[in-house]
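Shared between the two complexes below is chain A, which has chain B as its partner in the first and chain C in the second.
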Partner chain A sequence: MKKEDTVKLISAEGFEFVIDKNAAMVSQTIRNMLTSPGGFAETEHREVTFPEISTTILEKICQYFYWSLQYASGKETEFYIEPEMTLELMMAANYLHT
Partner chain B sequence: MSSQKKKNFQIEAFKHRVVVDPKYADRTWKILEHAIHEIYNHNASGLSFEELYRNAYNMVLHKFGEKLYSGLVSTMTLHLKQIAASVEASQGSLFLEELNRNWAEHTKALQMIRDILMYMDRTFIPSTRKTPVHELGLNLWRDNIIRASNIQTRLKETLLETVQKERNGEVINRSLMRNIVKMLMDLGPSVYQQDFEKPFLDVSGNFYRSESQQFIECCDCGNYLKKAEKRLNEEIERVSNYLDAQSEVKITNVVEKEMIESQMTRLVHMENSGLVNMIVDDKYDDLGRIYNLFRRVPNGLMLIRDVMNSHIRERGKQLVTDPERVKDPVEFVQCLLDEKAKHDKIVNLAFNSDKTFQNALNSSFEYFINLNVRSPEFISLFVDDKLRRGLKGASEEDVEIILDKVMVLFRYLQEKDVFEKYYKQHLAKRLLSGRSVSEDAERSLILKLKTECGYQFTSKLEGMFTDMKTSHDTMQGFYEAMGRALANGPILSVQVLTTGSWPTQSIPACNLPHEILTVCERFKTYYLGTHNGRRLTWQTNMGSADIKATFSGGKKHELNVSTYQMCVLMLFNNVDQLSYKEIEQAVEIPTVELKRCLQSLACAKGKNVLRKEPMSKDVSENDSFFFNESFSSKLYKVKIGTVAAQKESEPEKQETRQRVEEDRKPQIEAAIVRIMKARRVLDHNNIVAEVTKQLQSRFLANPIVIKKRIESLIEREFLERDREDRKLYRYLA
Partner chain C sequence: MADRSLFTELEHLESPLVRLCIEAATQSADAVESWRRQRRTLERLPSQLAEPLLHRLLRRRLLYPSLLEVFKYSVEKIDLRGESSVDAEWMAYLGAFQYLSSLNVSDCHRINSSALWALSGMRYLKEVDLSRCSKVDDAGIKHLLSIRTIEILCISETSVTTNGVALLSSLKRLSKLDLGGLFITDTALASLQVLTNLQHLDLWGSDISNEGASILLKFPNLTFLNLAWTKVTVLPNVSSVTHLNMSNCTIHSIFKGEGNKAKLSKLTFAGALFKDIDKAFSYFDSSYLSYLDLSNSSLRDISLLSLICALEYLDLSGNLVGDDSVTFIASVGANLKSLNLSKTRVSSAGVAVLVGRVPKLETISLDFTPTDDLAISYIGMMPSLKAVNMKGTNVRGVIQQNAENTECVLSLTALENLKHLEKLNIEETALKDEAIIPISNLKQLTHLSLRSSFLTDASLHHLSSIPNLINLSMRDAILTNTGIESFTPPPSLQVLDLTGCWLLTKDALLSFVQLHSDVEVRHALVTTFLSDKDDSKCHSPFMGTAPQRRFSSSPLKSEMAAIIDQRLKYSRAELLSMQFASTSVGPSSDPPTSPK
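Entry: the complex of A and B
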């Protein structure tokens, strides 16, 4: 995987997730961060820190990104969400505009 | 969001935070405000998108949306005021460039601001019905920059000035113009229209109004149109270069109105160079231009068409009534054909083969060709001339082309039956004298007439051809049957003509010379022997003869003469001198014909086989005639034509006219009966209209004649008048 095609997402605890840029852009917020003109820090370094998202949630989110890509390409599978995670995940989704 | 206890599913935590930090909102806004300043100052690279987004997100979430929004408005306004000041300060030509540069920066900054405030755009703005960030940015730009008092007029004037410069031939920065115009369009169609398009159209209107005035004073029509066309193309090009595509129609309308429509009449009628001159001089380019330009304005083409129409009518009228031209029918028709070809070419080359123009052309020709009542006769004479000699050596295609052209003229004729009458006469002469050049051409023309006017029109003409064929066979049969019995006598060739098919007149036969009479009698016996129950009448006025004559010094000549002339000449076999009276008694030829025939024998130079005393041009009843011993000619065969005017003389014309009228009567009656049979009851005006329509393909029926025919039919009890309404007629079965 080329470095230009990836992006690094960092959780509140400092865990780093390196994922496909395409996958990350499922989130409208992240898409804007990476494509907005004028060169914000995120665009330059291709790395985004989320001080308000915990590692577990961010991991789940990354899984969701990939699942979403697959779903969009026609592979219709279930995405399992643990009930205790639901609320936090929803808030993160709102934040990320996913 | 902050982490929560895992099993607490309430959303209390938010309120909690708001209460905790009363200064939270101010602090957060400071961060965002700072970021907006940095963005405008091109310092965004140090900022964290995530942090800004999160702050804006939290502000909205914590009900500080209003503060965020109003903060944004005031901060952006602040920056735009600074920009406005710098744009205002820019010097002269740099104005547009400065404006353009700032616009580019503003749109970029706006994009970034919108991105970080996206959450507000998504949630707060729709629920409070405020203007979205992007639109807000454009509106603020419009109000603070474009509509700023010091900028608005200056911008408008600079733009218009630049356009004017380009019109005057200067080179301008088109891409800059395109950007500025694009900016106006981005700000909304109303801004483009109000701040630029409307004044642009007004100024253009003034410009072209005065320019057209100036041009029309100093240019001729052709040059004016060239200039107008150039201007029009320039404007179209300008629109495609840097204006909104929707402006094209508007600006071309302005040019069309000012440069064409308002000067239209003056252009068309311009002396020495107007439309008529163009047509006369075959200026296809100019005519094409005038067509394409005038097509753009209402009534433009109509004006051209009307002027062309009246010109052709005028010219055609002169042509057909010119007494000089009427003298030579062939020339006359050739002129018509040339005229038609010329205008056809104009319509095809310059007027895009426009159907309405073709129709106008046709109606004009129909109008003036029928102005001269002799047109049908002349057209027939023209065909006669072509078929007699004109087509010799011409290929089959050429023949077809000429015949097709003639058919075009024929179609214009209203009195087609008159043409038929003449055509029949001329065809009869051609066939009987064996002068037709090509039977194929003859048949081809008849076929054309048949397709044009139907079977009825040509059935008699075709009958004439059949007669010729059967006569040929009959003659062969006759000579085979007679064998040697006729070996020493004159050779007789008889054409048996069916009564009715040919234009025969019942003229009493003249006294044929004895030698001829014998052969004729034999033929009569033979013919009546093979065909029962027929009657043969000799049409001595239509025949011709080849006779041999010996003159002084034993010079021999073969003379080709008419039957009448032969009869006269045969008299001189026995005597050398005869008085007019004696000749008349001997041959019993009708006076007019006899005089004509003597005139051609005695008065025509080089063909005077007779001598007349006293010598004069005309034959009178007291003249004497002598055999002209001293006749000489370079040729062995001498053709002595009859002095018959090629076209008809005045009384003949009257006579033909009368016959035509006579022939029309039964046709009109037939039409009336046909119509009444179908309709049963009809009023007078409708009958006249329908009869006219039915007979249109043959002739133009005169309403008075129709009325007379109706009366005649009532007399003969085909129709009756309605008892109550005298205008109604009923059909009586």
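Entry: the complex of A and C
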């Protein structure tokens, strides 16, 4: 995996998730950060910090990105969400427009 | 079907992951238990997430009063209409909602005046709907008076009297007031004249007379006015009004004398009685009028139409107008989008007059008119049509060229010229199988309603080739079990109405239902299978006639509302698993009693 094709997402606790840029672009918010011409620091370093999103939630979000790509390509599986994390995940998803 | 409706409920949410989360959070009572103690997260929940979550819980029958508490910092709008379980206890919790701006508890029969006490003193409440809460009376209004922020208040068909309405004058911010179906008099209206912000006023069914109506002049911002079923005969010059409803009134004159500046755009005079229609309209500026409903007004002469050039919607159904009147319609047809001539004396010759004069017409209704197949060939020349209704007409589907010539032309072929036709209703006509054939060429058709006892399996077979059909109704047809077995529904089909097809047996219908589970089949034998609760729909003529149940206090109503549709309570997946595993316990905490 080439470095240009990945992005680093950093959770509130400082955990780093390196994922495909394509997957991260499922989120409209991240897409805007990475592609906007405004010269965001995020665009240059391909690194986004989410001080509001905890590690467990960010991990689930990353799983969702990949699931969503698979789903779009025709592999219709179920995306399981543990009921106890629904609220936090919902808020993160709302923020990320995903 | 239920699953589909739940899905559309969440559809406006942009984010698919949010949707998945809400579904997971409302999967079962256990799921709710796992998050309901996350107090700090719940407090931070934005209202655009909290509201769909709450309403989804409500639809899934997982919401109960004490659970409401978790939403008290997040929810701004709540819609509980028609929920029979909503009572004073619910209201007590709702009263604690910090930022509630809109509350709809219409048709919640258990709400009474004392239940409203919990709302008093709310700080941000702007909108309150108590329509048809018949136990709410003047005492309930007193509780609302402390909420100074109320702008929209609906108390139609409650037990509020003139005295209660008079109290409303202290709610200075009111802009919309629905007082429909209340027994209030001119005095009530007189006491409201301080409410100068009023824009929308509903007074239907009240005892307001001409004298009271003159008070309407005191409301400078009034744009919507409903005086249906009142004793008002002369409308004063309320110059701000754009939407007026005076259905079922005896109308002498709209506006009193010259000097009127009202720019009326929508007029509803259904079932009104005109003494002299030309005189009634004589002080009236029609240049802004786009919507005119004159149905069931016993009109013979509609020559006044020729003055109304911006007309888009015209309803003349149930009047005594004939072909000679159609000339007047044609003269104002340039902008017409919808025309209803049902139950008039207009015949095919009248329809011919419209050809070429109605370039924007999208909907035409000729139900129960003496029109026949010739009318269809004229309708084929109105290219913008999207919906054609010819229920109960003399349409037979074939035109005989002349008496001795036995060669016949299929009249419905003419509809193939209508490239936008989506809805076609030719119920209660004497259509035979061969006449149906041209319909299968209508590629855009989504809704088709047929009802003829001459139609057989052959018709059903022809119709299966319409690619976009969503709703197909073939009532009272001679369909056989073999016919339904060999029928392959178009992929988009959602509803198949086979009511009155008496030859079909229960087994044949059930095997069809199992084979095509995404099609909702309507038949006397199928409803009993899907859910016993559906039976109540068949037996009660009250369903779906909500606007007509004026003042009715039928015990049936509350009983019906109390019944929980099992299909709403469980998701489709759950229902399927129950069907195949009747002995095992269902996934939710309250297992359903499976039918033995």
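Keep in mind that, in the parts below, the second predicted complex is superposed on the first by the 98 of 98 C-alpha atoms of A that agree within 3 Å, B and C clash if a C-alpha of one lies under 4 Å from a C-alpha of the other, contacts with A are read in each partner's own complex, and residues count from 1 in each chain.
As a convention for this text, contacts are C-beta pairs under 8 Å (C-beta built on N, C-alpha and C of every residue); 3 or more make two chains touch, one makes a residue touch a chain.
This is a predicted model, so every value here is computed, not measured.
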### Task
Return first, second, both or neither, reflecting whether A:His97 touches chain B, chain C, both chains, or no partner chain.
both
### Task
Would you check which partner chain A:Thr6 touches, where first means chain B only, second means chain C only, and both and neither mean what they say?
neither
#### Entry: More chain A residues in contact - chain B or chain C
B
### Query
Where does A:Ile81 make contact in the superposed view: on chain B (first), on chain C (second), on both, or on neither?
second
### Task
With the two complexes superposed on chain A, say which partner A:Thr55 touches: chain B (first), chain C (second), both, or neither.
neither
### Message
Which partner chains sit in contact with A:Leu89 here, chain B, chain C, both or neither? Use first/second/both/neither.
### Response
second
### Message
Per the contact definition in the header, classify A:Gln63: touching chain B only (first), chain C only (second), both, or neither.
### Response
neither
### Task
Find the residues of chain A that appear in the contact set with chain B and again in the contact set with chain C.
84, 87-88, 91, 97
### Query
In their shared complex, at which residues does chain B touch chain A?
1-4, 6-7, 9, 39, 42, 44-50, 53-54, 57, 108-109, 111-112, 115-116, 118-119, 122
### Contacting residues of chain A [partner chain B, same complex]
12, 28-29, 32-33, 36-44, 48-52, 54, 84, 87-88, 91-92, 95, 97
### Query
Okay, in this complex, where on chain C does chain A touch?
14-18, 20-22, 24-25, 27, 30-32, 34-35, 38, 41-42, 44-46, 48-49, 53
### Query
Which residues, counting only chain A, touch chain C once they are in their complex?
61, 64, 68, 79-84, 86-91, 93-94, 96-98
